[in-house]
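Each of the next two complexes has chain A plus one other chain: chain B in the first, chain C in the second.
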Partner chain A sequence: MIICITSQEESIDAQADPRFGRCAYFVFYNTETEETEFVRNPNTEDAGGVGVKAGQFVIDKGAEVVISHKFGPNAENVLNTAGIEMKTHDGGTVRELIEAYRNNSL
Partner chain B sequence: MTISIASGKGGTGKTTIATSLALAVADQAKDDKTVNVRLIDVDVEEPNSALFLNPEYTDQTDHNMLVPRVKEDKCTSCGICVKTCAYGALALLKDQLLVFDKMCHSCGACLIACPEDALFEEPRPIGRINRGRSGNLAFTEGRLNTGEALAPPIVRGLKDEINSEEISILDAPPGTSCSMVAAIRKSDYALLVTEDSPFGLHDLELAVDVVRDLEVPFSVFINREEEENQQVRPWCEQRNIDVIGALPYSEDVARAYSRGEPVVEALPEYRKLFLDVFHDINKRIAAPGQRGGIS
Partner chain C sequence: MKQVGIISGKGGTGKTVLTASLATLAENAVFADCDVDASDLHLLLQPKVTTAEDFAGGEEAVIDPVLCTGCRECLDVCRFDALSMNEESVAIVDSYACEGCRTCSLVCPENAVSMQRKTAGQWFRSESSYGPMLHARLIPGEDNSGKLVTKVKNEAKSLAVEKNKDWILVDGPPGIGCPVLSALAELDYVIVITEPTPSGYHDLNRVAEVIKQFRIRAGVVINKHDLNPETASEIEALAGKLGFDMAGKIPFSRNVGEAIRQGVPYIKYAEDEVSRAILSVWETIQDFLFEERVGADTPANNINTKEQER
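Take a look at the complex of A and B:
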């Protein structure tokens, strides 16, 4: 299963990015292979609609769970409709959040 | 003739000046059947001219935007429309196309891009346009529905109704964003209302940049002017921008305002000030290229 975490930098030890639609990086973590893929968010400079675009982006990447600090109403709508689970947190590194998710403590 | 009453900063007195200017001119022209004066409140996110004019409404219409809808039987879920949309108004989830109506700018690009001709447009009301009269003054206003994000479409809708034979005075939205630009674009003249404060001057400077960019001739009106610490007049003088009117700071004006009474009705001694401003603008429109113009 693929889970997605929003990150401020391209490192597993970077702080998670609290923003969903305007995060710097999406981190896709495969729970079976334990591989991570970092993808720069292509929509950070857009004037609007980034929540929907980010939702579409992570759906297309096959994520089933998305972990971020906060989701806007449009992003939430897209992710809900697609049946994707949204998990929120109050800070931490990408590594810590992956661990927390695996331990069911998010 | 179309005159926009605009400002950079909010709360400088656009509505106070626009309503009194329109009422003074309408009253002056009341016996001339060839002249019709109309105030158009294009500040659709917060239209408040009606609070001072108490118009009798005669009719109203919905203002619609076109949004895309999908013909399920034709859509192949190719996703080209989603990639085409610059505004994030479309999302494709497996075989379900979601349309986020409030994000849509009605650009129509998705319809053009769709290779299957599977999209069509449907009107969606975003606000209302109300028409009426306040004594000698004709009145039109736009009201954006609560929760809607886009003001410019209804501003453009209001401007499409402008009759160039009439004297139209536009109460513009504050700021220098899209709705203000949409409001003052193609006006014959803009009167920039400011207060004599550092904030007023800062935002006046932004508004001057906008009207110059739009090549709309303009001059400045100072509201609540005091005799000490003047900032706007010296700034305008240095830049060859004309200040063509000023309303002094006055508790009588403030009292009238708080009761919802137009200045020229509560305090008729100011009528001449507004008529002078109008005649000055009239002359400037007739003889372009004067000081304070677009150069």
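Take a look at the complex of A and C:
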């Protein structure tokens, strides 16, 4: 299964990005292979609609769970419709959040 | 570092008047004017601009007149009536009407449409007597956007981190749209200032949904509460029902208009009921930010106690 975490930088030890739609990077973590893929958010330069676009982006990447600090109303709507599970957190590094998810403590 | 935002739902309820006064009270703070459609915090804080940079906004369609065959397909699909034909039967774009949705670029059989970013305005780093300030100015006809709000806020944040500031005060945009969502992201506390009118009540209720979505602690301030005590108490009841703090009630005074005309934050202009009410808002929200709510004491009672002590 693929889980997605928003990150401020391209490193597993970077702080998670509190934003979803305008985050710097999406991190896709495969729970079976334990591989991570960092993808720069392609929509940060857009004037609006980034919540919806970010939602579509992570859905297209096959994520089943998305982990971020907060989700805006439009992003939540998209992710809900696609049946994606949303998990929130109050800060930490990407590595810590992956661990927290694996330990069911999110 | 704490980020406090001031928003309103309804426009014209006193966001900037309150923000400018809070700016004089917040020690070691950075200010961000995110109401870029009608930025006016600079009128009261009168900062000196130290850096100005161009800001690229959304995209607009640009049509290559050599490739365009005048088939009109783009005209048929444009929902903003931004396209028309010139005398030579070449499609032209009305830059003000174009929303940058790219539909014309998808249907054009000749690939004559390209999307280009337009300069939407400038953003500034400034110094005021009360601290550094980030703000922006749009070119007439350009819109505020989540992107621009994020730009102003991110610049404020990096400045606050660099200079070890304790507060970021965000003067937010009205409404519940994209710029408001961007203004709310990452806030530690949001003050919603409203007025005792039916639309003040309605728009508070509407913006509350967005605030709850972001799980931000919120406090309601009723400006000019004494002009309509009945609606003011309805708003107070609504705040309670929403689970929001009651952060203060500011009485009406004609002096407020005069202070604005002179370009002075109200608290620096007069010492009266209005300035005391604003001071109480600042103290109250700090209590809410740094202390847990105490037992059965409602926030509204706390405010009364404070006023009696004074």
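Of note:
FYI, the second predicted complex is superposed on the first by the 106 of 106 C-alpha atoms of A that agree within 3 Å, B and C clash if a C-alpha of one lies under 4 Å from a C-alpha of the other, contacts with A are read in each partner's own complex, and residues count from 1 in each chain.
Note that a contact is a pair of C-beta atoms (placed from the backbone, for glycine too) under 8 Å apart; a residue touches a chain by one contact, two chains touch by 3 or more.
Remember, predicted model here, so these are calculated numbers, not experimental data.
In the superposition on chain A, A:81 contacts chain B only, with no contact to chain C. Residue contacts after overlaying the shared chain place A:70 against chain C, while chain B stays out of touching range. Of the two partner chains, chain B is the only one that A:59 touches; chain C does not reach it. By the touch criterion defined above, A:4 lies against neither chain B nor chain C after alignment on the C-alpha atoms of chain A. Of the two partner chains placed by superposition, A:14 touches none, neither chain B nor chain C. Contacts of A:23 after superposition on the shared chain: neither chain B nor chain C is touched. Taking chain B and chain C in turn and counting the residues of chain A each one touches, the greater count comes from C.
Look at A:97: by the touch rule set out above, it reaches neither chain B nor chain C. Of the two partner chains, both chain B and chain C are touched by A:51. In the superposition on chain A, the residues of chain A contacting both chain B and chain C are 46, 48-51, 74. On chain A, the positions that touch chain C within their shared complex are 18-19, 21-22, 44-51, 69-74, 76, 88. Against chain A, the residues of chain B that register as touching in their complex are 82, 85-94, 96, 98, 100, 103. Residues of chain C that touch chain A in their complex: 56-58, 100, 117, 120, 143, 145-148, 150, 178, 181-182, 185-186, 209-210, 213-215.
Residues 43, 46, 48-53, 55-56, 59, 74, 77-78, 81-82 of chain A touch chain B in their complex.
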